[in-house]
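Here chain A shows up in two complexes: once beside chain B, once beside chain C.
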Partner chain A sequence: MDFGFIVTNAIVLACIYGGLAIGISITWSSLGLINLSYGFVFALSGYGAWLAAQYVSTNGAVVLLAGILTGALGGVLVCALAFIPIHDKPNFTVRGLIATLAINLIGTQGLMWWFGPRSKNLPEIFGTGKLHLGNIVLTADKVGNVVLSVAMLLLVLKWMRSSRRGLEIRAMMMNPHAAAIVGIGVRRTGFYVLAITGGLAGLASVLLSQTYYISPFGGLTPMIKGVAIALCGGLGSVLGAVIAAIVLGFNEALTSVLLGGQYVLITQFILIIIVLLIRPRGIAGILDKAREA
Partner chain B sequence: MGGQPLPASAAVKQEVLNVKGLSAGYGAMRVIHDLDFIVYSGERIGLVGLNGHGKSTLFYAIAGLTGWQRGSIKLNGVEVGRTRSQGPGRYTHLVVRQGLALIPQGDEIFHGLTVEEHLDSGAFTPRAWRERTKRKAGILEIFPPLRKLMKVPVGRLSGGERRMVSIGRGLMSDASLFLVDEPSLGLAPKIGKGVMAALMSVDLGDSAMVIAEQNISLLEGQVDRVIGMHVGKLKGEASAGLNFQTTREA
Partner chain C sequence: MTPEWKNPLANWGVEGAIETLPAKVWTSPQGIWDKVRESRIPLHKVGRLRYYYKWPGHGSRQWSRLRYWPTRRRVLDIRGQFNDKSKRREKTIADKRPIWWVLGLIAILLAPMLFPISVQSTLLTAGATFLIYSSINLCWMLIIGTAGIYSLASYAVVGASAFGTAYLSIQYGLPWYVLPFLGGVIGLVFGMVIALPATRLDGFYYALLTIGINELCRVYALQSKQFGSATGGLYGADSYLPAGLSPTSQSTFAYYCCFALMLGALFLYRFVDGRRLGRILRMAPEKREAFAEATGVNYRRARIQVFIISSIALGFIGGFYASHYRGVSFSIFGFDTVLLGLAMLVIGGIGTAEGAVVGTLIVIFLDKVLISAGPIRLIIIGAIMLGVVLFLRGGLFGIKAQFQVWRAKKKSERRSTRAEKGGEMLPEEATETHDKDLIYWRRYDKMQRDFLKTLVCDEIIAEHKRSPLGQHSEPLERLLLYFRRAPLVDKYAIITVEPFKAYRIVALSGHRGVAPRLVEDKIYTSQEDAYHGVFLRRVQDLLEA
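Showing the complex of A and B:
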């Protein structure tokens, strides 16, 4: 197999999973919530985009926007159901885990009941053009995937760096107790965080649907991969998640080419276990320059 | 508790904080017992007492951060205390919006944010946020060593520098009541004295400041009133001259 194919595939996968992983990472570190309903939000935004393509327009921008907005809406729903009522109760981490898992199970069954088990197909939002770079063929959807997810990610990171809400979210990621002391409302920030991470899931959903189909349970594997990448990168670190996404994207592309697609999850988890054995805080443990506490 | 003697200029001063019958604690433990406490605007109060006698818990209760609490807390005439058995910190941001600045013990800092972002995060009210450039300049007047460190993550600073950042963050806000918890704790005596001098140099205007401190000599002659705290109750009070005495209840 040629090297160019592996590299391009790895980069595309890294971009899509990286977006998911960053969403999970930000949610965990700012709200203390491991969002297991991410798979549902992912599938929901796929269906949102599909509905837009069916009834509004098959224009790529419309479909994409519909996916992102549905994802954000799904995030707000998760926040209202699984964060607001229980976030200040004892043992919130486990309760939140169970609540979001419940939303995931109920939500995906609901999607199946409503839309039926048959997979749906989204229009090709990037067209069918091809780009030749030497002997590497870049299809339009690969280029579009990479450009869009990198652009969206940079936008989110820029927003977190420079805006006031972003400062609030970062403050909560580092020290929720101190964030309360300086007057940051946990609940409102929860809505921001889950809407933004939901939007990221929506983007990933539409992008991934350029390769796969949309189905009620289609969010499960991306979510597992997203959680795995977030863990490997060190929960809470955005840069760590990006690096982990690149490493695991390469692993996925290499494994599926050299060994076969059915071994992807096996090699992925072996890799993650190795990283966590050597660096218990994940890749972020290497990057972090500031002392904790 | 007997009636609190009013400070000399109390006739024109307003109550910033009025605490009545406050009890607070964590779980089965009750730390504060039916406490009454009044702070007038423009005052600087020293709160002294041993470790574990409830100074920090009193501050936390005013901010709504204790495990449970009951009793009335009026901040600028607005009731911010409520009977609550769980959810520490749930209403804290609302209390802060009413004009409270808590500068907690042990520097509750955001280790990855830079000094500048820290100061920004303290300017929570809309007015403070608009004026944040001017206010930051003011903080740098009080703590000149921070000038060089504005772009450095706080996690890399020394203990004394962190304390300055922590206090600076509190002073950035629009607060009418500043609660400063153990500003000299864990610092070398010289640095602790410097931090205390900086706190004393802050122009309070209409707001008030309460400083919890174990080292009475640091407060001597610099505050308007000194109040003692013992086993969850306020005991004894002395004015500026600091003839500090504990009154015993039968």
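Showing the complex of A and C:
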């Protein structure tokens, strides 16, 4: 077994899942909504990219942009259905969780109804070149995946640091009540947040479809991995999510080398449970600063 | 003929007394009183109060009450009282849910005889599935509703136990009657493992973790050869169905076995939720844990106990599941199974046994009976789930309470738009006042002012201008009496600037040592003019108040 191959694989997956985890994390800490319809948004943006590749152009940039835009649209849809009507009602957290699950059920079944159960694949947007680094062979899609997802993440983080809207989102993450008092619209910010995180999911979807296929239920595993990473890193912390993505990626690589592929999820969850037993709010989440449910 | 007022002093030759004056038609002060006191709320006979049928009481049987072992509880919550109007004893059934339960269970019992022959086998299979899933959901409801642990791994416990028992049954030829008990042991072990993080984690962190655990089980079972990754499941476990029966009677037999399972789950629900553990956990709802802990309730321990008990029961159901279907498929670990299960709980309403059963009935009917509809049926289930979550607080069985709350809100809104605030105290003001006499005095004063306003007219003002002092007509006398009786604070008075030449109107302060304040600059040349000026000011104040 090639160790280098597995390590590069783990890094690629960590980059993609890390993007999803950061999306889940930001949504929870700014809106108090656990977005479990992420799997649907993921699959939807995959289909959006596929439609663009079929009917518009197979140019990589067009496909990528279509995926991101469909993801953002899916996020706005989730916001309009699950956040806007109930965000000020009693018991919002449980009801939001269940509402996003219901949207996930409706959406994935709708996709299956519309597109059929057969999976689709996207054109290779990064070409087929190869890069030799000593022993390790890096294919173009791996390099493209890492570079693009890191660039997109940096872009989003930069935007959140330097723009007015990003300031609003960060204020909501710190204290939603105080943010509302100083005049930051909760509903408007909800749309921004869910569109941004939906765009991240769309990016992850297009990138992941370089390795896997697009199917109506294909968003489930990425969502669960993203949720696991977000939990382990601490909901609401971007840095924690990055650390957790790296740790879990290496755990995946090591487990598949030493024990075998079918034990990956088991060791992963044992690791997560140990982390959560020691620090109930994840690696970076500090107990007092975590958002109250 | 216009009404007129006759001066009683005219006959006695009093100086300046006029014999008759034009007057308004006399109206009774009682009219205002009656108008204020009458109710303007439209009254309906039905729907304003909760209606209970009053059963006649039996004097001799009053104290012989049916209680069931091992509690001292009665089957029905019957309240007896003496009706003071009819002079009879009467009984009210305060909680009719047991009656509905019994009727529903009888309907489930009799249903197989009423199924049409053409769809009998479909309905029997769907019915058995409904009964198994409702028993799973009852145990899950104990975890989510009673213990308040948001675990989404209940189907994982059932599946793990079903896979374990099916595997053991195939490998070692275990008979069917061992499987549920073995499943209970597996459920206990599995439950203890997944209860470990629940001691530390908050609700949503735990929910997310258990979704992952569910996926872990699915992927593990899907990849391991001994759990039949090639065949899509593990089949060949020993079945409890007797081999000699015809297919129809086998289905019927299976249906009644599942019914017995559901009855068992109902008893478990009743004995956990309705007794000591349930009481403890109702004491410590979400966000009130600190208070419960301070009063000495060990709610963590109770939660874990309920979780473990439910896990054992779920394992038992898993063993039964394996012997019912002669095995188990991977779909039990699927995310859609969890979603549908959650849809069953949410549609019925989290926290009630009837919610679990009725929600399961709705979802299973859509999912298993209308199977020809394809993916659209799952979309319908999702839409119902979304609608329930967005619009209802407690699922279908919370509609009644939510409607009553909504109606009370609307009622109070309408009441507040009807309330008149001219001088009367608002309810919250009235509860704050120490002198309750003031409330009634204000109400009386308002009605009196309302009446006096109707008396003011040009004739009266002309009459007062003619003779500010002396004998007045009856309406003017009423007005002046009211004005003279006003409290001293801000009462108008006249002061003499220069005797018989200049007078001014002032307002008294009402406090000793504080001088009156001037209200206008106008100088009146005679005392009568000044009297009339005060009168006009008072009339203006009355009409403006």
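Please note the rule applied: the second predicted complex is superposed on the first by the 282 of 293 C-alpha atoms of A that agree within 3 Å, B and C clash if a C-alpha of one lies under 4 Å from a C-alpha of the other, contacts with A are read in each partner's own complex, and residues count from 1 in each chain.
The rule we apply is simple: a contact is a pair of C-beta atoms (placed from the backbone, for glycine too) under 8 Å apart; a residue touches a chain by one contact, two chains touch by 3 or more.
This structure is a prediction, so every number in the text was calculated from the model and none was measured.
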When both partners are placed on the shared chain, which of chain B and chain C touches more of chain A: C
Partner chain in contact with A:167 - chain B first, chain C second, else both or neither: first
First, second, both or neither for A:98, with chain B first and chain C second: second
Partner chain(s) touched by A:228 [first = chain B, second = chain C, both, neither]: second
Contacts of A:272 with chain B and chain C, given as first, second, both or neither: second
Partner chain(s) touched by A:177 [first = chain B, second = chain C, both, neither]: first
First, second, both or neither for A:159, with chain B first and chain C second: neither
Chain B versus chain C as contact partner of A:110, first or second or both or neither: second
Doubly contacted chain A residues - partners chain C and chain B: 90, 293
For the chain A and chain C complex, residues of the former touching the latter: 34, 36, 81, 85-86, 90-91, 93-95, 97-99, 101-106, 109-110, 112-113, 217, 220-221, 224, 227-228, 230-231, 235, 261-262, 265-266, 269, 272-273, 276-277, 280-281, 293
Complex contact set, residues of chain B against chain A: 63, 65, 86-90, 92-94, 96-97, 102, 104, 108-113, 117, 120-122, 124-125, 129, 153-156, 169, 173
Residues on chain C engaged by chain A in the complex (per definition of touch): 150, 196-197, 200-205, 207-209, 211-213, 215-216, 219-220, 223-224, 335-336, 339-340, 342-343, 346, 374-376, 378-379, 381-383, 385-386, 389-390, 393
Complex contact set, residues of chain A against chain B: 88-90, 164, 167-168, 170-171, 174-186, 288-293
